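One structure is given below, encoded as C-alpha cells.
Labels run A, B and C following the written order; every chain starts at residue 1.
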Amino acid sequence: MEVISDFFQAIPYDQILIQTLNGIVTGMILALIASGLTLIFGIMDVVNFAHGELFMLGAYIGVVVLATSGSFWLALVLATLVVAIIGAALQITTLRPLIGRDPLTTILATFGLSLVLQNYALWQFGPVARKIQEPITGQFTLFYLEYPWYRVLIAGLSAAIIGAFWLFLKYGTYGIWIRATTQDRVMAQAMGIPVPWVHTAAFAIGAGMAAASGVLFAPLVGVNHSMGIDWVLKAFIVVVVGGMGNLGGSIAASIFISLLEAYASIWVSPAQAVIVSFVVLILTLLFRPTGLFVPTPK
Amino acid sequence: MRFGGLMALDHVNFEIQRGEIRAIIGPNGAGKSTFFNCLTGVLRPSEGRILFNGENITGFPPNRISQEGIARSYQITNILPNATTLENVRIAAQSRRHGWSMLAHHSAYHDLIGKARAVLESVGLRSKANELAANLSHGEQRNLEIGIALATEPELLCLDEPTAGMSAAETHDTMALVRGISKNLTILIVEHDMKVVMELAHRITVFHYGRVLAEGTPAEIQQNPRVQEVYLKT
Amino acid sequence: MTASATAKVPLVEVEDIHTFYGKSHILHGVSLQVGRGEVVGLLGRNGVGKSTTLKTIMGLVNPSRGRVRFEGSATTGLPAHRLARIGIAYVPEDRRIFRLLTVMENLRTGLDRRGVSEARKQELLDKVFAYFPRLAERRNQAGGTLSGGEQQMLAIARAMMLEPKIILLDEPTEGLMPRMVSQIREIIEVLHREGVAILLVEQNVPLTLETSQRVYIMEKGVVRHQCAASELRVNDAVIHQYLGV
C-alpha cells in the first residue's frame, strides 16, 4: 500500500502541469511553422529547406521594427508582410523555373537559399544574439503555480492565425483555388485558375506564417542567424508524422510531439528530450508511413 | 484478378498453342494489361492458375518467369538509354548464362556478343549496333524492346502495344519484323491497331469488362455481332 | 474584321500539329476545324491520338509543330488557364472533378471569374441546377462521393460555368449506363441550341452521328476522313474500316 501512495506522491504534478502548458505553447508555434511547410509541399511538391530561415528572417525584421517603432504588434504585422513578399520573390526567381524538373532540383534550390539567407543574416546582424522584449509581462496564477501570460498569448495568437488560414481555405474564393490546385494542378489550369500565381501566393503565405512564428517566439529565446535550423528539422518531422500535405494532421502532430517532449524534459535534459521526436518519426515511418493522423489507406 | 472491390479479370480461361500468334484486343479498361501482368509475374492472380508447358507458374516473380521462357516488351519503352543498342541486347542475352565470373572482361563473351548481333539483325538494328539507345528514333527503340525480349531466348513472347506512337510506315516495318521472328516462337500481342491484328494474328481473343467476350480467327471475329457492337458501341 | 468576315473564320482551327509524349510521336500532322456553334465529332479507335488532339487545343500539351487558332488568333503555346478565360472549356476522359471539393465548390472554380456580376453567377448556377437536378440535391457533398454518372454531369456543369464558346468533350459516355447516355445526348443538344460549339471525341458512333453536324475520323495520329455526319450510317464501310474490327 505504501509503495502505491509513495508512487503517487512521487509524480511531480506541478511539473506535469507546467510542461503541459509548455508543450501546448511550443506545439502551437510548431503548428504555425509546419502549416506553412505542409501547404507548400502539398500544393507544389516542394520540400522547402529554407523554411527555418524565413522564420529567422521574420524574427530579425521584428527586432528591427521593434527597435525603430517600439511596437511589438507593428513588428509582428510588418515582419509577416515583408517576409511574405520576400517569399514570393524567391519563389518566382528560383522555384518557378524549376517546375516539372526532378524534385531533387527544388530540394537543392531551397537548401541553397537557406545557406544564403543564414549567411546574409550573419553578415547583416552579426553573431551576437538579439533580444526582443515581450509585449506583455507578468504571470498568472494557476492553482498554486505561476505561468507567464505571454506564453499563453503566443498559443492563442498562433491558434488564431491557423484558424483564420483554415477559414480562408474553406470559404475564401482564393482558398478554393488553393485547394483545387493542390488536388489537381492540370484541371485547375483548365478551369482558368492561374496556377503559377497560386503557387507563388501559397509560398508567400507559408513564408508569412513562418515569419509570424519567428516574431512570436523571439522573446522566449535569443534571435540569431541559426535559430531556424532546429525548428525546421522539427517541422519536417511534424509534417511527416502528420501526413504530408495534411493540414489538420500537422497541427495534431505538432501538439502531440511537443507535449511528449515537454513531459520527457521533466526527467531528462531538454537536449535529450528531443530524442522523443525522432522516436515518434521512426515509429511512424515503420508502421504508418502515410502519417499517424491520417486514416489507414486501403 | 480482384483489386479491392474491382474484378479486373473475371474467370478468364485462356489457352494458347505453341507456334501461334495470338492477339488480345478490347476497349480500354477491359483487363488486357492486367492479364499480361498476371502472365508475366507482375501481379499475382487472386484466384486461378497459370500453366506453362504443363508447369504451374502462378505467382512466380518476373525474373523467374523470364527464366522459364516467357519474355515481355512494355508499352512504355523500357530500354537502357545510356548503353549502346548492342549492349542493351547483350545484357539481356547474358541473363541466360548462369555462371558468374567476376574477373572475365565482358568482351570475352564472344558467343554472347555474336548472339546479340544476330538478334539485332532480326529486328533490323544491325547498322545501329554502336549507337546509344537514347539516340534511336521512337520506332527503332520499340523494335529494340522487342530485341531485348528476344535475346532472352523465350518460348513465349508477350508484346504490349508494340506499335503505340508509331507512324503508318514504322507500323508496317514492325509488322514485318514480328512476322519474321515468329517462326520458332509463340507470340501474344496486345494491340489497338486493327490492321496489325488482322494481318498478323492466327487467332484473336477479345476482352470486355474483365471477361473473354469472343475468341476466333480474324474472319470469325470480324463477323461476330457482339464484337462489332462493343467496338462500334451501338 | 467586319461582322461577316468574323462569321466566316472558324472558331477553332488546328493546322498540321505534331505532338510528342517524350519520344512517342502521337500526332503526325492533324488538321481540323470547328465552326461557331457547330458540333463536330472526332472518331477513331483507342490510341490514335483523339485525346491528345483535345489536350493540344487546350494548351495542356504543346505541339512541336503546327498551329492552333482560336477565333483567328494563334493560341499555340498559351497556358491552359488563359485559354479557359477566352472561351475554351475542357471535360477530360476521366472527368477529373475535384474530389475533395463539394459540388458547389467545383462549380465555383469556374464561376469565380473577373467581370462576372453576382447576378450573372446566380443565373448560371440556377440554369445548371435546372439541367442537373441531381447536382442541386448534392450541392454540398464532396465530389468524390458522387456516382460515375453524376461526376460526368458535374464535369460538364463545371465547364459550363466558364460560359465557353467551345467545349472539348472527351468520351463523355464512357462507362455510363444507357439512361445516362441519353442524358448526355440531351445535354449536347441543349448546349448546341445555346450556340456553344462542341468538339466531341467518342467511341459511341451512333451518338456521335446523331448529335454532330460533321465528323472527322482519325487513325494513327492523322485525320483520315471527314464529312458531314448525315453522309454516314453506322454500318458504313468507312466506319467499319476505321473503327470496326
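The criterion applied here is as follows: a contact is a pair of C-beta atoms (placed from the backbone, for glycine too) under 8 Å apart; a residue touches a chain by one contact, two chains touch by 3 or more.
None of these values were measured; they are calculated from a predicted model.
Q: Show me the overlap between the contact partners of chain A and those of chain B.
A: Chains in contact with chain A as well as chain B: C.
Q: State the chain with the largest centre-to-centre distance from chain B, centres being mean CA positions.
A: Max centre-to-centre separation from chain B belongs to A.
Q: Any idea which chain sits dead centre by C-alpha averages?
A: Going by the distance between chain centres and the overall C-alpha centre, it is C.
Q: With centres defined as the mean C-alpha position, give me the chain A-chain B separation in Å.
A: The computed centroid separation for chain A versus chain B comes out at 52 Å.
Q: Nearest whole angstrom, what separates the Cα centre of chain A from the Cα centre of chain C?
A: One centre to the other, that is 44 Å.
Q: Quick check: how many Å separate the C-alpha centres of chain B and chain C?
A: 35
Q: Quick one: in the complex, what on chain A touches chain C?
A: Chain A residues touching chain C: 173, 176-177, 179-180, 183-184, 186-196.
Q: Please output the residues of chain C touching chain B within their complex, sorted ascending.
A: Per the stated touch rule, the residues are 21, 23-26, 28, 45-48, 173-175, 203-207, 220-221, 234, 239, 243-245.
Q: Okay, in this complex, where on chain B does chain C touch?
A: Within the complex, chain B touches chain C at residues 25, 27-29, 77, 137-138, 141, 161, 164-168, 171, 192-194, 221-222, 224, 227-228, 231-234.
Q: Show me the residue ranges of chain C that touch chain A in the complex, using the header's touch definition.
A: Spelled out, the residues of chain C in touch with chain A are 58, 60, 79-81, 84-85, 89-90, 92, 96-101, 105, 108-110, 112-113, 158, 162.
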